[in-house]
């Protein structure tokens, strides 16, 4: 056990930080990051903590057991604890647009994304060569009105078999089903090509053009049952003018989409996002 | 006649720029700014041009007459021509918030806003001392459910008597009536405290907080009959996090509101905004 | 004792957070904010913590004494502890530009800046009416080559008598002396009208224009002996183009300057800035 | 001849726009874009104009000849005229970093960059597979202290033979020689990983970290003899905090670098950049 990341949420009360940090200290841990947030409205406490341990620290399993018994139970915590190994397993879903895929794979290749990518799934064959050039398995699962249910069962089977931890919809142009969502709660990251809640649904650049906005945006969020209404992880914007045609918005938007999605994916990988009440706490 | 600013719109066709610039040249004008835009969807041409004239140029009146007869008529133009004098007359409407008012008056004081400000109207007395400290007349016209119509007649009378050119709603917390809007079409500038079209109407910071957005915005637009749906002149945004309470959004929003409103007012004063089809062309 | 803000720095070692939070807990404190930073290069630990106390908590004086003896001494801490009362005393120095002054006083007036402002000092009389309109004493202390030393003694006397906590140079166009700086270490906040370290010294907008940059900036920093080289608190930027003349840069820069300075002042007031090794830690 | 883009610079005088637009009109051209700039300091006029022509327009060769004789000569213009075919030929120079290369090739692949890429040159072999995956020839030309002159002759030969129009240094970690620069004046685009003129030269992220800036930037510029001092085409920035280590700056910087370089390359390809007096005019 070298380094752990601990995520906690529970009813807000006095002494939580003292108890947790004392526990870590007694285990010879050196806290290198601590941040907390209190949702005043609902009286909920959230904390993220990173700690390093010297070689003499006990096993990770013992640590978890003791933390559960001595601390988590006392405060009624929901909690997660992560080590750096193994790396999380990330599946990517794409359709035909390649900009987000190239961007993610480029970052993966350079070591920026600390994940493994067991496969890419697409409802089209177009991006198979991109996957191949990065040496990543590619599954073509066409989705039509008539085969939607089977296609999804096939997706679920692949996800299950590879023990996928989370899914990135890198401009995947299909609405994912409730079953998939319920099996990966706050574990499916989508990129929507507008500044939500403005312009949800289809063709946001067309709507932005029509409304004459001076700024367009992109939003990365966890997928929930309601379309484009899940907890927002990250957003960014860029300026446009009357001189930009819809195609210009689409082109400028691509740069936003890939950057915003990458930021959200990196936050998720580093366990910096906690979802609660359809909002996120994003620790810095 | 030293300098003119010419705004034109008409059906797009060949030769417009050549005709207009040749006319200016023959009048010994030196074009120091020209920009144009074609709305491809509707086939409409827009142009903004600034020209300087040497001392020997004829009168402004003759220039206008000839331009109307020789050029504007041929192309069926809608057009406006402005000199630098007299400065436009700007009325400010406020309620209780002072940040936009201080910002506008500070700019006016420093010579940044090339206008005269005949008066400030408010439905509350709170900001009278601010008006007084800048030496600007202040009219307190309370607005209630029962006196709304008379209050507006009083506003209209003041606007008419002072020959007001345009109105700035500097966080004026009342909905202005259709009559006022129809008398000042694309001449009433509002600041809305959200990134429209997200969160129109009341309490946008509350809605932004509830939705958990990571960016908040402000939007300055011309007022039209439909609430918060008029042509957008300028927008800007700032980042927020889960740690910001509603009051923090309000405070951060104030900085956005005053800057965005000031930019929109300056664009309007320098005749850089043309409204068309509920959108704006904002020349740079 | 209702609420305290505690700032700590010391050699990094295990157990600091546990010790401090346990101390707070035993004093019946509820920690509502904790953030820390470790300067890995130099092995220094920094922490900022806010805690609320119930009515039964002991006196602030006892708390301080015990913290000093039981905790601070053990870890060899440099530390500060602040309550919300009394508010810090802020002096403003200005010359002739009024935009930063109006902005600061507007925020002060609206309750956004939790300070008292005992006086404004200027080497010119121009802004006396602005001070008067906000009801703040104004001292005109002219500075010339021959009277520089006496002028500064006069400034120091006023600062001392009013027990000023920190000084804001709101576009004060004079270089302050080493004596003043040494008496207010990391307590004099300046706004420099460039994106430091680009364009230090005089006339940065002229230099930016000459270099043809596409973005201009403003930088707020603590004043140190070396000109425009102190620890940076906050920076921001805005885009410019070839079409902007120097006067346009100056005008656009004004909006940057006032916003950036206000942000830095607010960070300082809320004790969110720690300076170290000519850099700042700015807690969020 | 379907569409032309015309770039002009000459001494500022009256009538230029009228003469040029009239010439276009007589050739049955429909101007779809016109923008101009006057460098007031030096009295120089710049114009960029796009015009479409109907099928009955004469040959491009005749157009050029007549424009040269009838217009350009009269005003003593420097001028360029471009059609959309053939596409410009762009060479890319890289070393070991792949993020800018992936980004450029992804855009090229998707049709966003309207160029041909005859080859990629590198002083290292690392990125050969990337070039291969996009089907672009890759020349490995090692550069050492002893072979620098020959290496450059080899580069020049390849550039000449392929009739390269412009060169993109996509994080090419070598200083290019005066000979190369003089043969491609304002035709070599570099990306520098700082907000110039801050932190020119080597290791800007290290310098930014040391100075404690709150914003880092990237700058794309034309290469001139003086290192990192050529005309700036585009810049952008991102915020950083005390919590970012040098490696974080490097990682955040990568996103800036690729976006800023891509924007500069696109501006150059669409002939929107004119260089003059070591600055650029960048038409919108």
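A, B, C and D label the chains in the order they appear, each numbered from 1.
The rule is short, and it goes like this: contacts are C-beta pairs under 8 Å (C-beta built on N, C-alpha and C of every residue); 3 or more make two chains touch, one makes a residue touch a chain.
Remember, predicted model here, so these are calculated numbers, not experimental data.
Undergrad: Hey, what chains does subunit B share as contacts with subunit C?
TA: Intersection of subunit B and subunit C contact lists gives A, D.
Undergrad: Report the chain whose CA-based centre is farthest from the CA-based centre of subunit C.
TA: Using the mean of the C-alpha atoms as each chain's centre, the farthest one from subunit C is D.
Undergrad: Between subunit C and subunit D, what's the gap in Å when you average each chain's C-alpha atoms?
TA: Once rounded, the distance between the two centres reads 42 Å.
Undergrad: Take the average of all CA coordinates in subunit A, do the same for subunit D, and state the distance between these two points in whole angstrom.
TA: 36
Undergrad: Show the residues in subunit D shared as contacts by 2 or more other chains, in ascending order.
TA: Answer for subunit D, listing residues that touch two or more other chains: 241, 243, 284.
Undergrad: Using the touch definition up top, name the residues of subunit B that touch subunit A in the complex.
TA: 37, 40, 195-199, 211-215, 217, 231-237, 241-243, 245, 278-282, 284
Undergrad: Which stretch or stretches of subunit B touch subunit C in the complex?
TA: These residues of subunit B touch subunit C: 98-99, 102-103, 106, 109-110, 112, 133, 241, 243, 251, 254-255, 259, 262, 284.
Undergrad: Looking at the complex, which residues from subunit D come into contact with subunit B?
TA: Residues of subunit D touching subunit B: 13-15, 17-18, 21-22, 24-25, 28-36, 38, 284.
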